[in-house]
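So, here's a batch of structures to check.
In the two complexes below, chain A is the common chain; its partner is chain B in one and chain C in the other.
What follows is the complex of A and B.
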């Protein structure tokens, strides 16, 4: 992947130019679909965009005793990491990439979560600290399954290159891994039943309690970009690669958006259908119930490696 | 599985909430601001004892009493209305910001700005009973007039 391709992927498609409107769109789809499933009107189409603009226009009140630079840095790092993760997704056929980009993607996907934990503790708010502690406990729980699922798919294909994984033939292990990723996504995106870190009506908004104005806008954007990256990862793993000489890129982009949209709807239905679990139940769920996915995926990967 | 069926039914039924300019209908059971009728009040202060949020204050004076109501503190539980034997209190149906029937909801910037006080002259027991009997037989307007004639003086306060 040369510099020009890398910049085009990071800044245009599937990077910032596509990812930012897609983030607002997915946030709207999630809020609207949950609202409709709960017999509410839900927000207008442009609401997430106007929320962002409105927050940008507000000033942050003085927060004595809080490290201002750190508080400002965390949301910016989270946005950069989430945007970078979206830019790494191999949406278009033969769009480049490099060996090991999967590891970079996993690191970038995890960075917003680490930033949220750090932001909560930096804010020195009791609600922020509780939210951060919950996020840390949840992150340790779901990441075991999430990472093992992805690594086992990669190990079975003998590559850590995203493009090779995306174009790999579908195997039962592949589907098992995708299922495990889907199980982890609600926790990664802080939606019900794993909306513990920013539990509304319980600990205000957790690590975001002390945030306002442009910094909160950046957190909202980072959350939207996490939606694009998380659902996009599933989309790239399950999207069929159709070789068409003309218009193949457009078709691939449309398939990517359609599958991501479907995953957003699926997660929204889950969010609407469930209530928030307590932290011990959430941790138990990931350690006791879903670890079986990861164990199955890893054992299948080891079996496939020995067979080949 | 039931929850998924419920979600599907909700999706098909459409939304039940309203967009901002639309006003929801006020149901007959809606509990708005407490309306006080000084003509009927005997100054028993049961409402003050029943008020858990201390929105109602009662000060007994010589030959008169002052009854105050602070909507900013009221939780609209309806216990005062329920306990008023003389029916001097009633629940307003449209007199509340949440009923969205008013063009401008009450806005206050300082604590107790919406508080409204009435100073009512105490009546002798016989006259009180006679007034109550008359008030019960007459309409709402007649009751208010009788109350004001009997010495009720609404003091200044915020708009209810």
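What follows is the complex of A and C.
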């Protein structure tokens, strides 16, 4: 039974069956809201789906040798890691099964961006290498803040278990942590003002420049899944825990989707309203402006733990 | 199987990604391509996306009369676009070499080197004509699939408004 619940979580909700359409939907919301803010009509509702299907039907250039094999493998690893991260989110009240902890979730969330770095370097394109170097520099800067924020939430609750964290009572520290995660999400999702790695018009498509066809489709999907996982993480931390035995699951799922949608709208509006920052400004933003708050959050969490 | 084929056909028709290639254009047509994506004309309604890398594109938009220097680049970029693909010649230059005809610096027109699917005439063409051309090319792409491109071609008419002027 436990195995069944774990599989259901990974494959149905909030796993693949929910996450893939949600990924396409969030990609559409991102493009549509940018279009609306520019007074355009924007792409039709099914656009990300059509793009995905079309890319699956395109051919790929021949890629001989180990480098070719690696280039084919990176997008698949990225998609499976992002899908796994979505599957781990503690959306529904616990009913046994596999319970991953926060560390596993963070590792899975981080894997797509490592894959992007590796993909850019293994494509051996100059634009890919520039994009990868930028992604690496950016990842070093935002991850410090991101990890400190999560550690502060975990330390204040004395646990790394996702279930316990999701149902934890709200404290000011909790909100500070959520805020820090929100500040890091644009960099994690490569959207403006931190769209440096895949900067269009500047370095073509960054690490994705050499990718085509089904491989590119996988990158698009993994980007969408990262949206679902990133906004879902915020949603599970913010959503009130519902303990109603019947109907609770549906309500919890609806609240999760609604909050994720709100976060997507917020981030898309930010992306449409801002321009791309240069790499030094982005790095300076994370190291100088937000790191202080993250350190404050962690130190107060540790302080509170000693006091209690 | 038939259903899958139809799905793929619709997907190709509804998601044309462009790559813009300048082969010695005066920049007039290039500006009009950008205008076609601007809020006033909003080609994204048709699923159009201007891509930075030819590897991602389905449709190659060529402007300019193809100078001698540009021939190699045009052929290389055409080979970098992966199939199924289509080519649009935007403006009068790639169609006929326009006012630069008989210039010794040219090796045009474009269909001497690539199989062109759609010509969008005009100097420069209006953004509506470019969007009509892209829609036409996407339709051709969807119907042709992976088959080799035919020598012929469609001409995206200018809007009636333009003709009346």
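The working rule: the second predicted complex is superposed on the first by the 297 of 308 C-alpha atoms of A that agree within 3 Å, B and C clash if a C-alpha of one lies under 4 Å from a C-alpha of the other, contacts with A are read in each partner's own complex, and residues count from 1 in each chain.
The rule is simple: a residue touches a chain if its C-beta (ideal position, glycine included) is under 8 Å from a C-beta of that chain, and two chains touch if they have at least 3 such contacts.
Just so it is clear, the structure is predicted and the values come from calculations on it, not from any experiment.
For the composite obtained by overlaying on chain A, chain B and chain C cannot both be accommodated without a clash.
In the overlay built on the shared chain, the residue A:41 is in contact with chain B and with chain C.
The larger set of touched chain A residues comes from C, when the choice is between chain B and chain C. Once the two complexes are laid over each other on the shared chain, residue contacts for A:59 go to chain C alone; chain B is not touched.
Once the two complexes are overlaid on the shared chain, A:288 sits clear of chain B and of chain C alike. When the two complexes are overlaid on their common chain A, residue A:273 makes contact with chain B while staying clear of chain C. In the superposition on chain A, no contact is made by A:2 with either chain B or chain C. Only one of the stretches 5-13, 77-85 or 95-103 belonging to chain C has C-alpha atoms clashing with chain B in the superposition, and it is 95-103.
In the superposition on chain A, the residues of chain A contacting both chain B and chain C are 35, 38-42.
Taken in their complex, chain A has these residues touching chain B: 35-42, 269, 272-274. Residues 7-8, 10-12, 14-15, 17, 39, 42, 44-45, 47, 51-53, 55-56, 58, 82-84, 146 of chain C are the ones that touch chain A when the two sit in their complex. Across the complex, chain C is touched by residues 31, 35, 38-44, 46-47, 50-51, 53-54, 57-61, 127, 200-201, 203-205, 208-213, 216 of chain A. Remark: chain B residues 3-4, 7, 10-11, 13-19 touch chain A in the complex.
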